[in-house]
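Before anything else, here is the set of structures, which you'll find just below.
You will see subunit A twice below: alongside subunit B first, and alongside subunit C after that.
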Partner chain A sequence: MTEIKHHAYLFDATRCIDCRACMVACSVENNIEMDKTRIWVAGVGIKGEYPELQRGTMVYHCMHCDHPDCMSACPVGAYTKAEDGPVTYNPDLCIGCRYCMNACPFGVPHFDYDKGIIEGAFIDKCTFCPQRIYNGQEPACVQTCPTDALEYGDREELIARAHARIADHPGRYIDHVYGEKENGGTSYLIISHIPFGELGLPNLPATPVNEVSEKVMEITIPFALGWGAILTGVAAGVNLYNKKKEKTAVEEKAEKSK
Partner chain B sequence: MKLNLTIQPRFRLNFSPLVWVLLILMGIAFVTAMIRYIFGIGAISDLSYSYPWGFWISFDLFTGVVISSGGFLMAGSVYILGIKEFQPLLRPSVLTAFLGYIMVAIALLVDLGHPERIWYMMIHWNGTSVLLEIGICVMSYLTVLAIEFAPVAFEGFKLQKWAHLIHKYIMPFVILGVVLSTLHQSSLGSLLLIQPAKLHPLWWTPVLPIMFFTSAISVGLAMIILESSLSSRYFQRGLETHLLEKLAKAIPVVLAIYLVLKFGELAFAGDLHYLFTSGGFSILFWAEILIGAVAPIIWFSVRGNRKSANGLLAGAIILLLGMILNRFNVSWFAVRHPDPMFYMPAFMSNVHYMPTLPEISVSLGIFAAGILAFGLAAKYLPVFEEEHDPKAPSFGD
Partner chain C sequence: MTKTVSRRDFLKLGAASVGALAIGQMLPPKVARAAWDNGALNADGDGHISTMCEMCVWRCGLIAKVVKGRVVKLDGNPDHPHSRGNLCPRGQSGLMNTYDPDRVLTPLIRAGKRGEGIFRPATWEEALDLVANKILEIKGKYGAEAMVFSSTHNLSQPLFENLLYAFGSPNYGTQRSLCFNAMIVANTMTYGMEEPARIYDDKLKYILLTGRNLLEAISTSETHDLIMAIDRGAKVVYLDPRYTKTASKATEWLPVKPGNDLAFHLALLNVIVGENLYNRSFVEKNTIGFDELKKEVHRYTPEWAAPLTGIPAETISRIAHEFAQAAPHALAHNGWRTSNFINSFHTQRAITILNALVGNWNVVLQDAGGEESGTLGAPSQPAYPRISALRLDGVPWKYPVVPFKIGVFQELRDNIVSGDPYQAHGWFISRQNPVMSLPDRGKTLKAFEKLDFIVTMDIILNDTAWFSDVILPEASYLERYDPLVPIGDKVFIRQPVIEPQGDAKSALWVYKQLGERLGIGDFFQYADEEDYLRQQLAPTGISLEEIKAKGYAELREAPHAGESAELNWNTPSGKIELFSETLAKVGFPGVPTWEEPPQPAEDQFYLLTGKVAQSTQFGTQNNQLLHKYSDEPRLWMNSKTAENLGLANEDWVEVTSSVGQIHTRLLVTQAIRPDCVYMTPGYGHLSKGLKTAFGIGAADSAVHVTYTDPISGGQALSQTFVTVKKV
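Take a look at the complex of A and B:
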């Protein structure tokens, strides 16, 4: 395998047969309960009329965005983005506010609603199988996929492969690689024969959704200092004015009494 | 056989019916919260993967914070702008804000997955997170409000020296309080900036923080009117109608600015076509605009309404209802989640959210505690008295 600079997945919706082996593999590899899977397969059902029938399935897990919104949103910095792709979550810092779930446009982070404070309720999401990828193996879901619908490799290489495949099969795919630009680029790339919106993927611009909120946060501290200075100035001015007024009033009174 | 029931109980709790109702609500909330801590949030609420935030955030955080904005408005007017005539309104508004923020903090401790880690916000900082700003602001502003309210408590406990000491150095805290409030009121709007893909374009705008701050000013003014009116009725004390009239006069101005900003932004962003084409969202939008802004502008522009106690109270209630609807819209009703897909795994398919009774009971109980605390403070502390006035009459029933 060639050296991987930026770990990424490529999902080809035309190849997925909805066997859900990836879900089982993920739960086994990461030792998580089956109903709390980090990867899930959803389908649009059967579309069209006989004999022109079509069905589509989509495998979801963390998109490992280049500008992760969960990481931008987390107040305590429980998320980290590795230089080479994976976005990971640190349960030791998590305060359970669930802002990451609100922020993520893909609805990826999940929360343990059934656990109290003694057991500890945490967020869970795909980790990109660091125990595997940093030892030269593919992530569990990719390894187990029987039809190569899920592929793993270097991001640049996968993007090139996706475009080549679209070009090789004119008419089969929609000419777009989802995740190449969406939300500032993601490490989970998708090509499909049915519109991405129908697969449940949000229609996102190339700018990450956290752009505006991060800009607002940048100006917050200068704004606070400036506003504080203005208020101090106003308070001092008003105080001075009132004192002067009092003084003249007293002087006038004194003059009158003369 | 007859049981001897003649022994007099040592304690007899002579509470009014209202106090009993409040205490029962608090008890229910306490039990519900304990169930939540032991069995998890899912045991009492309908929150889900699609709806991580629900009634608690909309009511306790968004509504709770905005109705506490009277405190910084009055502190700013009296101390910074030197409008001394508002002095009688200062203490009740600071008390309302103080209790409001305590209620917000308690409610958030129920909503947080790890309430015991709330202090992590003080040491682990992620500078890009709006929620961090909110957390820091709540904690610091609570401290500032405690300092601003401390003279009242000290006077109540006959510690005039301490009260005087704090009063002497109050200025920096007032300025800090106004800065923190400005940040905090607006940052609740910024909190939703990260959801451009989820929040309906009638509400999502880059100027959300400015919208939030402007509306918070109008809500703060209305809250002072409401809380003065209610406490004057309940504690049989005089109503400062001539002062409230001045506040009521300012409301149409603030709301007019709000409307100009709101529609100006929609026009600028090219979202005006959503005004009538978004079905339920359009109805929600017009409801909040008409009730929260247009109706109060008209109501408070009529001189007779500003002069009468009933007119003031009615106008304040209309404004509050509309603006609270705005906070619910922006944090809950107008947040769109992806549609459920065909044979989506069961745990992902819950995209409907309806607050459960236990969920609402927690908020109600905390609210009841706030009302009770206000009543106790009003009865035992010199909240409604002029500062340093030893001959002030005592209130209560």
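Take a look at the complex of A and C:
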């Protein structure tokens, strides 16, 4: 394998047979609890009417975005985007606020409701198998795939491979590599014979969501402070008004009793 | 998710094994010491050991990652031709079979009534003495033939065969008649071999799959081959009443009417013979019986087949032309579990003949060589005693062309119940679960009632063990040696990667211990497992240490399969037999012939069963990792049919056949013919010793009716008709 500058996955939906070897491999490799998973199957299942049928399956885990929304949303800096691709999560810093879950357009980070603050990590997601990729192995999900639906390599090379495969088989694929541009680019790339929307993938602009959100985040604190000041003012005003009203009522009562 | 090991329990199990190692470190355990010696493990006991999978019979090469005496991950061995570095979900989950909290780790002796599940632990000494004494008692009273032995398709099979044949019983049960008797007997009658190997090279253009759901019934390398062939643009035509995952990747899906795939294949032969689309020079040179074939298939026109199959005549004719045009780079796949109707033998014969007619031999089909390669040695042993008793399964007196080592399992069971031609009294079962695998479960339990003694060897309390008198705990495939197996020009090893847990022992050890107690110790002339393997390696000049370190070794004198210039087949004529004299002599049609399959009544459905990628037969449903990623087993029914019956998705339904009734939930889907329902086998377990699997789904064996193909002895698994109503 040539040197990998930017680790990435390529998923080819035309090859996936929904066998779930990737899911089992991930669970074993990363010692995932029996009631949790880091890989999901999304997609259309079977569509059409007997006997004119079509089936689509997409396995997905963390997309390892180039502009990760989870990271932008995290108030304590628990997420890191490595220069060579992986988006990782530091459980020691996590406070369990779940902002990352809401921020991720792919619904990847999962909250662990079973664990208390003492037991550590709240959030679980794909790590890109650093114990494997930095030791010359493919990620567990890729290595086991019996149909090469999942491939691993350098992002630029995989993008070129994906385009070449689409060009080599006119009519087989939708002419688009999902993740090349979406959300500013992801390290999980997808080619498919089924429209990406039907595979359960969101229609995202090439401008990363977090470029917008980061701008919003920049004004968050001044905005919060300003809003706080207004609310404080309102509260004070209401208080004053109430006191005044009370006073008036007392005065009125006094007047009546006269 | 139900009844899984909690995270805390999982950790506890880990802690226990670390504790065991701490004690072991004073006296280094055998497996770890050998691995340290050959450098597979480091001083801490961490590293990688090569071995072989046993989650199905495909036997992928594995590399097991071991950390402190515990297997933590399995990866496919890139050097192994069956895995090529990949593993299917079952292979990936294999370590959970070994660490199943329901493992039986000590011999058990029944202490309650059969089926109550009350057992007491025993020592091996006590259990083996009891088993040997009971078996000898049965032999003394009724003769050796009153003992039935059954086990299937595993590497210790030669020693299992020693056990029964040296003991003197002809009653050998394999499960093959529940899988592929039709295919094996058809190939044997046509090519003189059980199953030719298939070649998926770059030139392969056309693949015809008849019920071969290769993308769900995964054979890792072949599944990969098929997907890559599709990727390269090969055309795949797939016949199946169900829109399986294979159907979804095929170029063309033909939802054929069950049992009528025979008509489809006869019509293909009709077109290829009638329109001279066959390879004349190949046929003239290498086959016999073309004229008889021509005469027979003359009447099977596509127009004749269309109403039977539900496939238009033009489509059948077009496929025949396409197939012949693509030949010799065209493959008609025999299929696997295709003993689906009592006419399936003819279907299989038609498929093998289709390949022969287009002359694809040594292009897409070739001699597989076989597992029993002569390149390895074996301990010396005396000849088997002469056995004169009839076999209870009717081979050959009722099924004259079924090979002895294949047998007719369901007939064996039936004759335990009938006591005809004589009464069996004991059953020794190794790594099998006939309570779940045989059709008509009620009848199998009745057969058990006829027996004085049942002993089961397995790693868990499977349903058959649950009804047994003694359970012998086998070491799992990650904890034991098995005999070596040659594949191509290499020989591969299954070796322990961790110490056996508890008192679990290898089959090689158990069979030898039993053999000695039964007075047939001469058939087990090896000191221990390693000694057996050394004797196998003796003629090759390869050392056990060499093969242990690498997981395989190159054989210096490799068998050359299918490379001889002159083609020659192991049939009576030495040619491919389109017409079989062997069949004709015993009163069967010598060429494939139409036999009308039975049909369900108006209110009935064909009950189909099939494979899913997350389980193997009846033995893996208790694996928690597979359970985690398995779909809930439900009864598939076509959406329109369900609507007409007033049934809705997820309704509980009652499924009734002539032998039994089950309750299950409904899956309403477009992906099945309106006249069929489907269920995944392997659920509805009876053993409460399977804490993960118990209580999930329903058992196909509870409703499957026993029908045997009279030629191949195959169980007609799709010939059960059921009614379905809302509970």
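Assume the second predicted complex is superposed on the first by the 203 of 258 C-alpha atoms of A that agree within 3 Å, B and C clash if a C-alpha of one lies under 4 Å from a C-alpha of the other, contacts with A are read in each partner's own complex, and residues count from 1 in each chain.
Following the convention adopted for this analysis, a contact is a pair of C-beta atoms (placed from the backbone, for glycine too) under 8 Å apart; a residue touches a chain by one contact, two chains touch by 3 or more.
Only a predicted model underlies this, so the values are computations on that prediction, with no experimental measurement involved.
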First (subunit B), second (subunit C), both or neither touched by A:95: first
Which of the two partners, first being subunit B and second being subunit C, lies in contact with A:164: first, second, both, or neither? neither
Which partner does A:48 reach: the first (subunit B), the second (subunit C), both, or neither? second
Looking at A:206, would you say it contacts subunit B, subunit C, both, or neither? Reply first, second, both or neither. neither
Any idea whether subunit B or subunit C touches more of subunit A? B
Taking the superposition as given, does A:140 touch the first partner, subunit B, the second, subunit C, both, or neither? second
For A:35 in the superposed arrangement: first (subunit B), second (subunit C), both or neither? both
Under the contact rule defined above, give the subunit A residues that sit at the interface with subunit B and also at the interface with subunit C. 35, 37, 114
Please give the residue numbers of subunit B that touch subunit A in the complex, ascending. 36-43, 45, 47-50, 52-53, 76, 79-82, 111-118, 120-121, 124-133, 135, 171, 174-176, 178-179, 182-183, 187, 190-191, 193-198, 206, 209, 337-339, 341-348
Which residues of subunit A touch subunit C once you look at their complex with the stated criterion? 14-15, 17-21, 23-25, 27-29, 31, 33-35, 37, 46, 48-51, 53-55, 114, 137, 140, 143-149, 169
Within the complex, subunit A is touched by subunit C residues 1, 4-7, 10, 72-76, 85-89, 91-93, 95-96, 215-216, 218, 220, 223-224, 227-228, 231, 233, 243, 245, 247-249, 253, 255, 613-614, 624-626, 628-629, 638-640, 669-674
Which positions of subunit A touch subunit B when the two form their complex? 35-37, 40-45, 69, 71-77, 93-99, 101-103, 105, 107, 110-122, 200, 202-204, 209-210, 212-214, 216-217, 220, 223-224, 227-228, 231-232, 234-235, 238-239, 241-242
